[in-house]
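Next come two complexes built around chain A: one with chain B, the other with chain C.
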Partner chain A sequence: MKLSKESLLGLIAVGTIILMSFIAPGFLSSNNIDNFLFQLPEFGLLALGMMVVIITGGIDLSITYTAALSGVGVALMLTNGQPILLAIVVGISFGLLCGAFNGFIVSKIGVSPILVTLGTMVLFEGIILAITKGQSISGFGETYNLIGNGYYMGLFPLSIIIFVFFIVLTAILLNKTNWGRSVYMLGNNEIATLFSGVKNSRVLMKVYLYAGLLAAISAIIMTSRYNSVKVDLGSSYMLQSVAAAVLGGTNIQGGYGKVMGTVYAVVIFQTISNGLNLLGVHRAIVDVFFGAVLILVLTVNFFSDKWKKNKETKAVA
Partner chain B sequence: MKKVVLSLVSVLFLVGILAGCVSGESSSDKKDSKESGSDDGISIAVVPKLVGIPYFNASETGAINAGEELGVDVEYTGPTQGDAAAQVKVIEDLISKNVDVLAVAPNDPASVEPVLKKAKDQGIHIMDWDTPANNVDVSVKQVDDEEFGRHLAKKLVEAMGTEEGEIAILTGGLSAANLNAWIDAATAELEENYPGIKIVTEKVPTDEKQQVAYQKTLDLIKSYPNLKGILAVSTPAPLGAAQAVQEEGLQDEISVVGSALPTDSAPFLEDGSLDTAVLWDPGKLGHLTVAIGKMLAEGEFPEDGQEIEGVGPITVLEDGKTVIMGPPQDFTAENAGDFDF
Partner chain C sequence: MKSLIKQKEFSIFAIIVLLCIVLSFVSPVFLTVGNFLDIMEGNVVMAILAIGMTLIIITSDIDVSVAAVTTAVAVTIGSLFGHLPNSWVSVLLIFLIAPLVGLIIGCVNGLLVSRIKIPAIVVTLGTLNIINGLVLYFTNGQYLNSSNLPAAFISFANYELLGIPILIYLLTVVAVLTWYILKHTLIGRSVLAIGGKSQSAVRVGIDEKKIKMFVFAYMGFLAGVAAIAQTAYTKAVDPNGMLGLEMMVIAAVVLGGTNIQGGRGTIQGTLLGVLLLAIIENGMILAHIDTFWQKVVTGAIIVFAISYDRISYKRQQAKLTKIEVEA
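So, the complex of A and B:
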């Protein structure tokens, strides 16, 4: 039997869930399952956005501030009495604008993504601070709050359905479209991709736009869930989303990464965090745990890759 | 072809969302609230803005000790970063644990409002401590803003050794409500009792940064050569001011008084560049939070003047739900070494 990296990770995710339901009191209570489903989407969407960027060999350090800026856009519209749909459109266009800005500098000017997004991270933070003066904007009304807190058909949290939709969408885009194939090619070998007739800059631009879109959707869920937005909204997700993408098997040098892997990784993170909270473990220890799991998986991946390569070279010889 | 599939999926998704009604209540109506999962006694969860900084470590020690003394189960947990989203997650998980009392020091009062409402709906007593939140049962405050501000002003005059002269006021940020309340009280005190003191300029914002406070103080010293005193509120501001005074060697000419933690201010207190740091004891604050939490769970309410063991007498404001721990505490060159926060 041969298991792919992703299925193995899926098994690990199921394993952690089973483990936690045995050792963490109240893990399977309906209340906690609800919590679990409500907490997942905002982080999952950011992780998916990060994954797409990492597949091209880049990284988007500005992703949480992109989200916060879109959140501010939504908040400004709503608190000024604009209709919800318009507010959402404005929020998404803020996200796309941020993505376009990153994409333009990375793809047209060719500065390395880590530098560009480090710069835009500070830039977006500054813009938000200038708009909000560091204060939070809050009070968006009951209807808007349903996006992050409401149930669809009285059963599933609406936000998880939005998340599932974007999982499917991302998977289709990456695996079934020309753009998706170019993203993987670009991550593997930029020059070869260029010479095979792909417009690299156009592909990259769309990658950063897509990350901006996902950040904006995540921001809509977050602002609706917390009924407020502040400059550091979701800032704790920044490194976590990189970690989730990498834990999900995405190659940090680009060229490989599967949607399901990232989703499993997000589930694992969420299960561990939630379970350890229920067990009353100190938060600092929870972070230690995350770090340890991440290092472990990376090491295992590294050696399994190496082993596979060795076998291949032997087979060739 | 692919585009067709894609748009089909999108349309299906949208139609689905529109067809099914979205409601705030789950239909599998789960009212399993408060079967009081813990069989033995009271459990109190205390959530700081973040864990792992000296101030909140000190309040953790206080809260845990209080739990042992009072025989209640105390859980002290919070996010590792001061991020409102991360804090809400911690609170949601605590609700799942069916704690009896939830005491929160919110990073952003607005963002914890929905989750605190959810807790309340499940029969959990909710309170805030350190920083006010909205719609709580009881609010625990460290000091009375009015008293704290006036105390700072008195300490500054004391340190200057004269009731005449020019002073300047540094603040963390112009919009921080508690800092503004302190400054207003301090200026009122100066106007009423020390008419000889002149405030040379509007309050100077320092962005909650020591470096900015340092720079602005240097500017002030240059612009107002007769400056005798500096009043600095927000914890980094007095340190920056003292650093500037230290560097210019003006320890004897300019007095600095402000709100700062004793361990941070010790090096400046030693050579007199910072005269007095005034704050409160976060350990006691943690202790008081747990004590009040226990009262809430037992259906009691704190009373004005009530003696809390390990804390002292407390003040309860007229609204009946704002508890004030007590007078501010001074940290000077003599006692700063005795504290570990």
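So, the complex of A and C:
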């Protein structure tokens, strides 16, 4: 039996969890499992957003600041006594606006995504700093904090349910809709896609809007969990989300990427980071580890591709 | 004269002049020799990094790890100073060691980009994370101030020749050297060729791997030099002092007329780009604009510059196709 790339990754995820429960003290304590489950969704949502962008051959470096800006939007509404629903709507629309801005410059003007999002990353950070003056905004009320800290039927964390909903939604959008097919096509061959009658710029616009949406949802979970928001909200997730998408099998040049692969990669990263934390490893070393994994995975990919190609040419000869 | 105005560098030069005129009304301090020397000395580090980045962007790659590499080298020389005697020899030694350390890190980036063929943005994001993590781990965020640096180094940092700080001379040497490499050597011309059309360049016999390796190694080398400049300018080693500087460096290069798609860029343009950003920053301080708004302005300028660059490139291409059709 031949395993797909994604199932193999799933097995590795299970393996790391088993490994960590043996070597990390208290990994399986209910307290830590709670911690683990509550941290997973915010990172997972960002990674999913990043994955969709990477499938088109782009990258969204501004994703964490998009999230932070949505978080600020939510925080401003809540601290001014507005109802929760309105605050969430404002937060999501902030995320969509950021996404639309990126999408406009990428799809209509045609600047490469790296540069656009590099620029908007500074821009969004500036806007957040100008609004918050570098201070944190906190105190959102008990009810709002339930989103990130509460349980559904006293068992499942609410945020996990939101995460699962978006996993399913992303999978359906990517695999069952015209838009999803176009996203993969666009990542494979932009010109061929255009000539087969797809409006590339519209597809790209929706990709950045979707990334903005997921960033906003992630921001809502984060703000509710921390009960405060600051300019660096979730900023450590930027590289991690690229790394998770790449480890999950998404092709960094675009054209391939599976939702489950990214989800498994997120679980692996979260397990390792959580386990290393319990083992008392310095936080900075965990960052080093993520960077190293990113480069290592791509290096291994390069050599396995080369090996496969060699085998194919030999078979032809 | 007409060809001078048509040059990309001219438009940015015109903007700088215009800005200077406006700012001289806003603040009487602005248009003084002292203020200009301050602006220049304060941006030597950024200018050195931008010069290296120009070569990388010309080959249509990007390096977001420059600030991290510079910090890593600065931290290295900071800890070395603890073991070196207080004499001119150690200052000289630092000038050998710092570029070498930078060069090695640059080679690692170059190897991964050119041999393993990982996209430069991903490689350098990875090394950025690794280096920042290691720096944080080893220094614990500890700050070294001037009392930790040998007196010989401090007197080097304060040295002025003809009333001009030594760091400006250092920048001049780097700029002239890089200009010469880019303009008059085989490897420099190959850099431009690879960026212009890599397939054609490979067909004429240019080794793409070697060139990519060279630009990243050279970037590392310059990051090492920039680390000395940074330590000399601030007379301190701050592990967090340069977070995010890479964005400004890239912005300066793009503003200076280097094409992000590769194939075009000049050292003088990049220096003008750095000067423009520096004047904007200086002007915002002199005009008492809230520091929190400065990032908004910078971000808006970057987004505007890259969009404008792309639009004018598209127009140019459209013009070319028109000529082909007419002929």
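In this text, the second predicted complex is superposed on the first by the 298 of 317 C-alpha atoms of A that agree within 3 Å, B and C clash if a C-alpha of one lies under 4 Å from a C-alpha of the other, contacts with A are read in each partner's own complex, and residues count from 1 in each chain.
Keep this in mind: a contact is a pair of C-beta atoms (placed from the backbone, for glycine too) under 8 Å apart; a residue touches a chain by one contact, two chains touch by 3 or more.
Keep in mind that what you see is a predicted model, and the values were worked out from it rather than measured.
Novice: Put chain B and chain C onto chain A via the superposition and say whether they clash or fit.
Specialist: clash
Novice: Touch check for A:304: first (chain B), second (chain C), both, or neither?
Specialist: After superposition on chain A, A:304 lies in contact with neither partner.
Novice: Should A:38 be classified as contacting the first partner (chain B), the second (chain C), both, or neither?
Specialist: The answer is first: A:38 touches chain B but not chain C.
Novice: Would you check which partner chain A:59 touches, where first means chain B only, second means chain C only, and both and neither mean what they say?
Specialist: The second partner, chain C, only.
Novice: Which partner does A:175 reach: the first (chain B), the second (chain C), both, or neither?
Specialist: neither
Novice: Considering only touches as defined above, state whether A:196 meets chain B (first), chain C (second), both or neither.
Specialist: Touch status of A:196: no partner.
Novice: Which partner chains sit in contact with A:119 here, chain B, chain C, both or neither? Use first/second/both/neither.
Specialist: It touches chain C, and chain B stays clear.
Novice: Is A:282 contacted by the first partner chain B, the second partner chain C, both or neither?
Specialist: A:282 sits against chain B and chain C alike.
Novice: If you stack the two complexes on chain A, which partner ends up touching A:127: first (chain B), second (chain C), both, or neither?
Specialist: It touches chain C, and chain B stays clear.
Novice: Which chain makes contact with more of the residues of chain A, chain B or else chain C?
Specialist: B
Novice: Between chain B and chain C, whom does A:291 touch in the aligned arrangement: first, second, both, or neither?
Specialist: Second partner only, chain C.
Novice: Pick out the stretch of chain B that clashes with chain C after the overlay, from 260-268, 278-286, 296-304 or 314-322.
Specialist: 260-268
Novice: Which residues form the common part of the chain A surface touched by chain B and by chain C?
Specialist: The answer is residues 133-134, 282, 284, 287 of chain A.
Novice: Which residues of chain B touch chain A in their complex?
Specialist: 2, 5-6, 9-10, 13, 16-17, 20-28, 30, 32-33, 37, 51-52, 75, 77-86, 88-90, 92-98, 107-114, 122, 173, 175
Novice: Which residues of chain C touch chain A once you look at their complex with the stated criterion?
Specialist: These residues of chain C touch chain A: 62, 64, 112, 116-119, 121-123, 125-130, 132-134, 136-137, 244, 247, 250-251, 254, 260-261, 290, 292-300, 302-303, 306-307, 309-311, 314.
Novice: Looking at the complex, which residues from chain A come into contact with chain B?
Specialist: Counting only chain A, the residues touching chain B are 25-26, 29-32, 34-35, 38-39, 42, 133-136, 138-139, 142, 145-146, 149-155, 158, 161, 165, 168-169, 172-173, 176-177, 222, 225-228, 230, 232-237, 273-274, 277-278, 280, 282-284, 287.
Novice: If you look only at chain A, which of its residues touch chain C in the complex?
Specialist: By the definition above, chain A touches chain C via 59, 105, 109-112, 114-116, 118-127, 129-130, 133-134, 239, 242-243, 246, 252-253, 282, 284-292, 294-295, 298-299, 302.
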